[in-house]
Amino acid sequence: MPRPLRVTIWNEYVHELTSDAVRRLYPEGMHAVLAEALARLLGDAVRVRVATLNQPDHGLTSEALAETDVLTWWGHAAHEDVADEVVDRVQAAVLGGMGLVVLHSGHYSKIFKRLLGTSCSLQWRNEGERELVWTVDPAHPIAQGVPQPIVIEAQEMYGEVFDIPAPDELVFISSFAGGEVFRGGCCFRRGRGRIFYFSPGDQDYPVYHHPDVQRVIANAVRWAAGA
Amino acid sequence: MPRPLRVTIWNEYVHELTSDAVRRLYPEGMHAVLAEALARLLGDAVRVRVATLNQPDHGLTSEALAETDVLTWWGHAAHEDVADEVVDRVQAAVLGGMGLVVLHSGHYSKIFKRLLGTSCSLQWRNEGERELVWTVDPAHPIAQGVPQPIVIEAQEMYGEVFDIPAPDELVFISSFAGGEVFRGGCCFRRGRGRIFYFSPGDQDYPVYHHPDVQRVIANAVRWAAGA
Amino acid sequence: MPRPLRVTIWNEYVHELTSDAVRRLYPEGMHAVLAEALARLLGDAVRVRVATLNQPDHGLTSEALAETDVLTWWGHAAHEDVADEVVDRVQAAVLGGMGLVVLHSGHYSKIFKRLLGTSCSLQWRNEGERELVWTVDPAHPIAQGVPQPIVIEAQEMYGEVFDIPAPDELVFISSFAGGEVFRGGCCFRRGRGRIFYFSPGDQDYPVYHHPDVQRVIANAVRWAAGA
Amino acid sequence: MPRPLRVTIWNEYVHELTSDAVRRLYPEGMHAVLAEALARLLGDAVRVRVATLNQPDHGLTSEALAETDVLTWWGHAAHEDVADEVVDRVQAAVLGGMGLVVLHSGHYSKIFKRLLGTSCSLQWRNEGERELVWTVDPAHPIAQGVPQPIVIEAQEMYGEVFDIPAPDELVFISSFAGGEVFRGGCCFRRGRGRIFYFSPGDQDYPVYHHPDVQRVIANAVRWAAGA
């Protein structure tokens, strides 16, 4: 019996506290929805804890990271408030083998830019457009169990050029109602760690309630753990 | 003064002879339009010749290949009529350093499947949809001088999953009015040769008259030559 | 309880029958040593069968392939005797998701060249030199449990240039006493299938009795199964 | 007539000033030898300037970078003395399209680690061993005009594991008399910029006087310029 994967869900947890509209979608925070989804989809195979920006060390002490197999990261409004010392620590953990799943606006987080070395800039437009998430690598573990395409009725548009190094594995490409495309599901390997970036998910839409999006994130957690 | 690149434009040249509609778009064959475009865009830097299926050895004798720096390939209706011996010869030439630019339905040509080792299958639908060709690697030589995106008013849809090995360089991703996406601009390196696949172009639409499409093909010829 | 991986060990099985020296190293064939090693190292997680060139359809009927999760391939003296129809069938199985582990001189097999599209040529010298197999991707599943480097006292030298497409993942690089280097542990993904090439192993040396070499092959079988 | 490539050779320039042994090899600094080599090999195609650590802004002001097409980087003893502000500036320049050629112990420079996101650690031993530099990608522009292998009589050993992201293109692999291997010629693409890392070269050996090493660096400068 293998021990459970230890997952830490990190959420900036700012929009949910400051916006009524966001709180209606995520009354207990996006992290709560993700935690519930992982527990439901992966069952005894995972043990989930949550960490947020306003905790001491943002909940990411050396001890916490030492007991984390995979860290998920959502941030947007407060990237700059993440302490450089914590970023150093998370980077070291990833290079040492911890998995990292970066979500949506986390593309601009310090830790993602640190690990990739590029600006991680992209095009965007927030008009609630339909996003289609197409699998381009159907044998990839992260793409198992989702339809072709995943249909997300309303989303912020993220478009190319996405300034990242060429991904080590490209799993998903999104299109938007406006015609844009985006490499929204990308694997990177850095040091001994595995990194997955997944673009769907914005505080203004109920994307993390979407069952296919939850399935991808659950798959990504397992993949990032090297399981 | 470097010597000119020697380009051979290969065209199956079947649809133009059998369909009035196609002939109206390409009265002298698609190869004639491509030859004119390369001569116009690259000038003295290239010397263009044409070869077609119905010529002896499909116009691709050992001598012809020995004098070719880059070969472009368009085929659709008659892939199976290409002699295996000629495919062997073209494969050897590519591995020896000849560039190859494979266009549109050439994804199912014997030579492309031979060099890639996969089925090269894809999804398609021919309803004259708008295609947008997005650059994802803006520093790539093949992407120079074209708008973001290239707009093609009417095209056959090609969609994922495209069963190819992960490209060595991914330059363009297309979206279609129906929402599909396609890795339509892909570089592969095989042996000493460079291969570029570019999906726009169908006999039913005037795509090879499109100035941006012509620009991409001219850029690809120079890139594939290793110039 | 997951069902066991179904592994088919394919061996040309010619040298062992025609050379006393080889028979002394592998009295029941190299396949017997590999089958024993996989059974010992992977236990109930695998079910191993063996197939050889001289069987009907080389032991690789459609039925046999349909019941194979991972195929290992060793050939050298009789590559040309493998029927093209069987190669077609194995290629289709790999593209459909069967794993393939190609060993040593299998680099020149029809199936490896078919799947990669290149000549797969290399430099070689058979003087029983020491080979060191260095891990360059220490987090890769195939590199788990082996020393840095693996030391093989006597081996045929395989050297660069190895005419393969850039591997999707490079796991091992060998050096030889004569100073040559070789990308001897390479992963490729084609269609839905995973391919691993591993260069150690020659009929003239007891390489497949080497515990670290056996460990790598066992790891590769699990990796190629997508397990 | 294209304008000349503007190359800035950056050298920490510490060992040459503090060690008699190093000064005997490089009386005017390693930068002087590299500058002379580039001027000799590339002629009117380049215009070379030099910058060193002890200059204001280490000679890398915004103005200097704006007039640099390719920057080469050698550092060892004083990586930590490079100002973070200058590293920010160089990173931005690379992402904006400036080429970067990182030499030998520059693997531990702030700028290289910043752009790659990993520790860039490696194994090493300084015993004046013979290094052989093998080309594994013979069609690559950086590998043109050098023998297979390049023989360097005495060098510091650099060995795997080299903690870098998988290179976008792997051009050279070195072996050392002690049997180690090293991915010593690696291309990375970040933003619009091209980066080449080349491991030969140590202050204790006359490696930058070696004609093949000079040829590689000249080739790399042209490649990194996107020329």
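Structural remarks
A, B, C and D are the chain letters, set down in written order, and residue numbers restart from 1 in every chain.
Please note the rule applied: a contact is a pair of C-beta atoms (placed from the backbone, for glycine too) under 8 Å apart; a residue touches a chain by one contact, two chains touch by 3 or more.
Since the structure is predicted, the reported quantities are computational estimates derived from the model, not experimental observations.
Superposition angle, chain B onto chain D, using Cα atoms only: 180 degrees, a multiple of 5 between 0 and 180. Where the sister copies chain A and chain D meet, the same residue numbers recur on both sides for over half of the interface positions. Averaging C-alpha coordinates per chain places the centre of chain C 37 Å away from that of chain D.
In chain B, the residues that reach two or more other chains under the touch definition are 137-138, 166, 189, 191. If you check the complex, the residues on chain A that touch chain D are 91, 95, 114-119, 163, 165-166, 168, 188-191.
Residues of chain A touching chain C in their complex: 97, 137-139, 141, 189, 191-194, 226.
Residues 130, 132, 134-138, 148-149, 159-162, 166, 169-170, 173-175, 177, 179-181, 183 of chain A are the ones that touch chain B when the two sit in their complex.
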